[in-house]
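Common to both upcoming complexes is chain A, partnered first by chain B, then by chain C.
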Partner chain A sequence: MVEKKYQPALDIFDKMLHGKLKTHLNSCVHCGLCGESCLYYLTHKEDKYIPGKKVDLISAIYRRYYTLLGKTVPKWVGAKDLNDETVAEMVDLIYGACTMCGRCSMHCSIGVDIAFLVRAGRSMLVEINKVVPGLQSTVDAALNTGNNMGIPRDELIDTIEWIAEDLEMELDDEKATIPLDKKGAKVLYTLNPREPKFFPLSISAAAKIFYAAGEDWTLSPDAYDVTNYCYFSGDDKGGAVITQRLVDKVAELGCETLVLAECGHGFRGNRWEGPNYINKSYPFNEISIVELIVEYIREGRIKLDPAKNTKKVTIHDPCNMVREGGVIEEQRFILKQAVSDFVEMTPHGVNNFCCGGGGGQLAMSEYAERRIKVGKIKADQIRATGAEIVVTPCHNCIDQLMELNKEYKLNVEIKTIGEIVADAIVI
Partner chain B sequence: MNIYHYILLTASIICFLASLRQLIQALNKKGDLDYAEPKGTANPAISYSFTNAMSPKKKETAFLHLPTYTAGILFHIGTFLCIFLLAVNFIGFNIPEKIGYVIVAIMAVSIISIIAIFIKRIVNAKSRVMSNADDYFSNFLIIGFQVISCLAILMDNLLPLLFIYASVMLLYIPLGKLKHTVYFFAARIQMGRFYGYRGVWPPKRNKI
Partner chain C sequence: MGTIVLDGKEFEVDGDGFLTSPEIWNEETASLVAKEDGTGELNEKHWAVINCIREYWLEKDMAPMVRIICKTTGIRLKELYELFPMGPAKGACKIAGLPKPDGCV
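Take a look at the complex of A and B:
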């Protein structure tokens, strides 16, 4: 029997225990070969960081409560009780030593979706209030204030207004503006709250692109946060609340398309997970700004001059957008049009290494030291390219890359796709 | 049919039904419905999942661990060959002597491979950390199955032992680590569904 305080974790596990979860819980053959695909194991060389070992914590609980041998001879099959010890281990490894990048899943000798199991483990921990405090406070901010940084509405509007004024001056056209809550606009654009707070140039770049493309677009100061940290925490109920806000705003304004700002997990959370949080398909189109820029280029709505970006550029692939999200070649298509010297990292695309900032790690200051250490793999990848600019369509990754830039003295500029496109745009 | 045939037949039926149940449960989409608009399709990705995605060209666990990967492939071929031989023996078909020697040669390679993997699991610290008693037992069970199958080609009087041993193994398959016989296929299908739906697999280099 499980201790009463841990019963909610087993209850949610029971609810989640459908075909996919059963499959991945029963598939691992304990070969341990996944270790070399994980940035934590590669960095620390400690057995506890082998992805298969991390998720065996969850499989061991499954075996203990759901299988004949686990119930009768638990030691024989390595089954474990859900108790203080296993919960503490889960918190440390499932939250603190995994970015849910999915690299180990893709390379697993069997095909175990390890990231999916980690997410299931996190959902169990949500139910017993064991989310790492740093991550939970980010979730709480989003749920309580409407955005994960708790930016007040007036502050956001002030920021947007001065960005719009600057844009109007730069382009010398009063039509170059940022429309707020425009009913009937074709596109509702979103933001990562870090943009108004720390990276206003990203908003300015997006506005410039929309202007150049002649897009009918709007932003809403009441529902703009593209992030959904409930994906990282494992909280589907909270995830549904956050998803529903954007869904309701699209309906209220009568927009046709929701355009997701450059944010890896925000893309995944809205594009792939959001409909499942609210148990229905979206009644509108949804696309990332990266995919939209590709459309603009193809339709001739914007023109880019690569001669305007002559420095050597490389790209960092955000795991949730690329390996786990299917936006793989789009950013490369854009960069080949927008810069004159583009170089790939090794490995890249679906095989790319996580920067170390995924999985909610940036919100978990508790594990900051580990995060910076595992980021050395990315830093080495960047250095090997000789690039002067690193582009990535993810503000989460940007934060981590900026820290890596400082820590490992990379001496590179870090930009979004929108910023590099805005620099190359011909108006 | 003698008593050993009946024991093997019963064990086979139990193993088949239990494994079928596991497979049906694993692939049941109920509860795993995806409401997101798909970017790709599952079937080509499932095919890719079983083919190119498994190749050493694509899979890091293969190309970084080529000896282990190769040994793994060889002993799995040997295991399936043994299951085939078991069926042949069950129906009473006599394997021609020359073919028998070829099979024994193949089986020798397979047995060396699986023993190597077994030793690695015992000796290698990383493998040991990953392993529980079931892992060692399952590995040992397959070594025994292959060795007895191989010897039974050369010595007819070992058939009763083979049938009894195989029956024990078949009954254990749905219970322990050997159930990956079923879940391997389910996992590759699930993985194909996941990456196919999201347009990640099969790769579409330079195509958007």
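Take a look at the complex of A and C:
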């Protein structure tokens, strides 16, 4: 029997225990290959950080409550009770020492989806109110206010108008606007709330690209947040509430395509996880702005001049968009046309290292020290390229890269894809 | 959770270096945080930003939008990013003694 307070964790586990979860929980052969692929193990060299060990935390509980030997002779089969000790260990390692980057799953000798298991562990912790407070606070802000920074509606509108005025002046054309809630617009665009709150230059860059491409687009002050921190916390119910907001807004405005802002988990959360949260496929197209920019270039709707970006540029691949999301070559296609000196990191693409800020780490001050420490791998990768600019299609990665830039004295500029494209655009 | 030492007194900060008790903030804690995060010596413009953020927060219990910072202080966006290399959140808000904002910062 489990303590009453922990029963909800087993209840949700029971609900989740379908074929995939059972198979992956029972398949690890402890070869240890995942260790060498993980930021945390490579940095700390302590066994507890090996991804397979994180899987063990959950499989030990599975064995304890679902197998005959685990029920009768738990110690013989490494089965463990769900108790204060195992819960504390799960919180520390499953929230505090994993960015859910999925690199371990890529390297697993038998294909165990370790990041999927980690999220299942997080879902158990959600049910017993053990989400790390920093992360839960961002989830709560999103659920309670409609965006993960609690931006009031009127302040969002004021900011959008402010950016639009500047853009109109820059382009000297009153048609260079940011249309709000335009019914029947082809594209509904989204934002990471961090953009209007603190870093709005990426919004004006996107608006400039839409203007140059002659796009019929709109933003809604009531549903624009591309993030879904419930993906990180493990909360599918909250995830459904957040997903539904954008789905409803697309229907209300009658848009054709929902375009996701540059946000790694926002891409994954909406594009791949969202339909599972709401248990329904989307009746509209959904793509990243990175994919849309590729379309614009291919169709000749925008022209880029690489001579406008002459500094050496490298790209950081956000795990949730690249390894976990399938947008791999698009950003490279764009950069090859937008900059004159492009260099890859080693490794890159689907084998790229996480920046260390994924999995909700950026929201968890509780583990900030670890986050900066594991980020050294990314910092070393960047330094080795000799690049002066690091581009990445993810605002979360950008914030982590800004910190790594300071901590490891990289002396680089950090930009979104949209910003570097806007700099290269010929109007 | 860590601590910063000021005038021989220890103050608690969270893992990101934000004061855990924002009410203990004063000009000295601001200068100390600025020195630690690479902002350096605080000039008049820095103080205009810090005071704007601080006053807004005391009144509304949240950090102001960057538009409000620019409008109140007359400082342009690009200059604001130069003044605070860690940005408005992990730079200016932290120096102004606010708790860490939610979201991707």
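In this text, the second predicted complex is superposed on the first by the 427 of 427 C-alpha atoms of A that agree within 3 Å, B and C clash if a C-alpha of one lies under 4 Å from a C-alpha of the other, contacts with A are read in each partner's own complex, and residues count from 1 in each chain.
By our rule, a contact is a pair of C-beta atoms (placed from the backbone, for glycine too) under 8 Å apart; a residue touches a chain by one contact, two chains touch by 3 or more.
Everything numeric here is computed off the predicted structure, so don't read it as measured data.
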*Label the relationship between chain B and chain C on chain A in the superposed model as either fit or clash.*
fit
*Would you please give the vertex angle at the Cα centre of chain A, with arms pointing to the Cα centres of chain B and chain C, as a multiple of 10°?*
140
*Check the residue A:365 against both partner chains and state whether it touches chain B (first), chain C (second), both, or neither.*
second
*Looking at the overlay, what does A:402 touch: chain B (first), chain C (second), both, or neither?*
second
_chain B versus chain C as contact partner of A:424, first or second or both or neither_ = neither
*asked:* Looking at A:382, would you say it contacts chain B, chain C, both, or neither? Reply first, second, both or neither.
replied: neither
*Using the superposition on chain A described above, determine whether A:158 touches chain B (first), chain C (second), both, or neither.*
second
*chain B or chain C: which reaches more residues on chain A?*
B
*Using the superposition on chain A described above, determine whether A:94 touches chain B (first), chain C (second), both, or neither.*
neither
*Given the touch rule stated above, what does A:191 touch, chain B (first), chain C (second), both, or neither?*
neither
*Report the closest approach of chain B and chain C over their C-alpha atoms in the superposed model, as a whole number of Å.*
25
_Under the definition above, what is the set of chain C residues touching chain A in their complex?_
1-2, 14-18, 37-38, 62-63, 65-68, 71, 77, 85-90, 100-105
*chain A residues within the chain B interface of the complex*: 18-20, 22-24, 26-37, 47, 50, 52-53, 56, 67-69, 75-78, 105-113, 116, 271-276, 278-282, 286, 294, 323-326, 328-330, 332-333, 350-351
*Residues of chain B touching chain A in their complex?*
22, 25-37, 39-40, 49, 59-62, 64-65, 68-69, 72, 125-127, 129-135, 137, 175-177, 179-180, 183-184, 186-188, 190-191, 194-195, 198-200, 203-208
*asked:* Using the touch definition from the top, list the residues of chain A that touch chain C in their complex.
replied: 134, 137-138, 141, 148-151, 155, 158-159, 162, 192-194, 196-201, 227, 263, 362-369, 395-396, 399, 402-403, 406
